[in-house]
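Per-chain residue numbering starts at 1, and chain names A, B, C and D are given in the order in which the chains are listed.
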């Protein structure tokens, strides 16, 4: 497989906690934002799907916190996908500090798509995204 | 006028910033939560209205930050309303630290209600709430 | 084992996302807040320790999202601890909707404590908490 | 006066509320982030100052919400400063949607600097920033 999709960004001071580091909960948001950008770059509009009643949902997340980001740090968030079953897909994601390529967070986020009746439903564009 | 509506709560550590105090932006959320509870207690369901296409929106906020909340602090958020015009209403709100009754934030939040076409529209229950 | 520690709370509307449900990232904050309250109830002050240079940190989180909380929902967050190794401890946590006891999130959060030099260090009060 | 300092960014979906628009409270964070970047670009490091015991604090904010940002929107946040008194300074800020230059939020944020004893104290680099 080729290089993973990634977005670059910079820590915002309101994301820091009293320890002066990015609060653990914020990394989940970083990862979510990167997934949505990845989906959009691949023709899947999370927001547009939600309006049509197709909800992409996370059913499990596993996150390993290896190092902390601080004020001023720039970072990359990567996204790579894999099919886990007919209706489940996984996102392998990493948050890497730009200055020294230090791995800060490594994650596996597992999702599915639900239709308006709450049943698993992968629309054609989602299905195409995760391949075979 | 009688006593203002108020809710009680406690600082959550993830709301603190690197200065070890509740981040200024978080107070806006405290105030919003108290307004929604106030509305609900008066028969106006923000969430239910949004689903029906009636959006309560904030058009202006004025906030004075007098003192800071820290880890472990309990606080009260009060709400009092006044009619500002046919389609605008004001919420006078305060955040007060419970231990010593210290005023932390004093605010005026001005809102209106919009219908699905984005025009000001005060539904009967909202209209009743803000009196004459 | 006895009953787990738990806190009760209510969804705040600013925690909802465009799908009208509590954003997945917010559950991490719910869990963190419950852990800090649990620690405090057991004589371990997260904030006070941080000021003394002892940092309780999360090194891994596993979260299963089973059902969603919505506007108006009340919920309980439970905390139970177990020792995983000499310097690692685990928090088993659940978020349960109060109205119907529906399990919304089930989590295992693994942590350690670091001293000012960034080395694992369980202070006596932390050590006592996690037993043998 | 010349062009104001500005940063560009893009809405992150976790910043949206159940109305599908950026939650009002989030704009405060956008403004704070832009102020910190402005300060940094002018040699004033908010985080570094906090570690030295000099705290830049907001004492009042006035925000007018004119239009809403949605999923996918790019925006600019501008910062211009003015001296309000010996120890108070004001930030004039705007959030403008990039696609159509629509003004979304207009704000005046008033701040001061406090030393370790909580007394107003403008360090030389802060003093220089706000001119005469």
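Observations on the structure shown:
Here is the rule we use: contacts are C-beta pairs under 8 Å (C-beta built on N, C-alpha and C of every residue); 3 or more make two chains touch, one makes a residue touch a chain.
Nothing here was measured: the structure is a model prediction, and the numbers come from that model.
The minimal number of chain-to-chain contact steps leading from chain B to chain D is 1. More C-beta pairs touch across one of A-B and A-C than the other; that pair is A-C. To overlay chain B on chain C by their CA atoms, one rotates by 180 degrees, a value rounded to a multiple of 5.
Distance between chain A and chain D, defined via averaged C-alpha coordinates, is recorded as 28 Å. In terms of their C-alpha centroids, the spacing between chain A and chain B amounts to 32 Å. Centres computed as Cα averages put chain A at a distance of 22 Å from chain C. Contacts with at least two other chains are made by residues 13-14, 16, 18-20, 25, 29, 32, 47, 71 of chain D.
Chain contacts here are complete: no pair of chains fails to touch. Put simply, chain C touches chain D in their complex at residues 13-14, 16-20, 23, 25, 71.
Chain D makes touch with chain B in their complex at residues 18-19, 24-26, 28-29, 32, 47, 50, 55, 57-65. Against chain B, the residues of chain C that register as touching in their complex are 12-14, 16, 20, 29, 32-33, 36, 40, 45-47, 51, 70-72.
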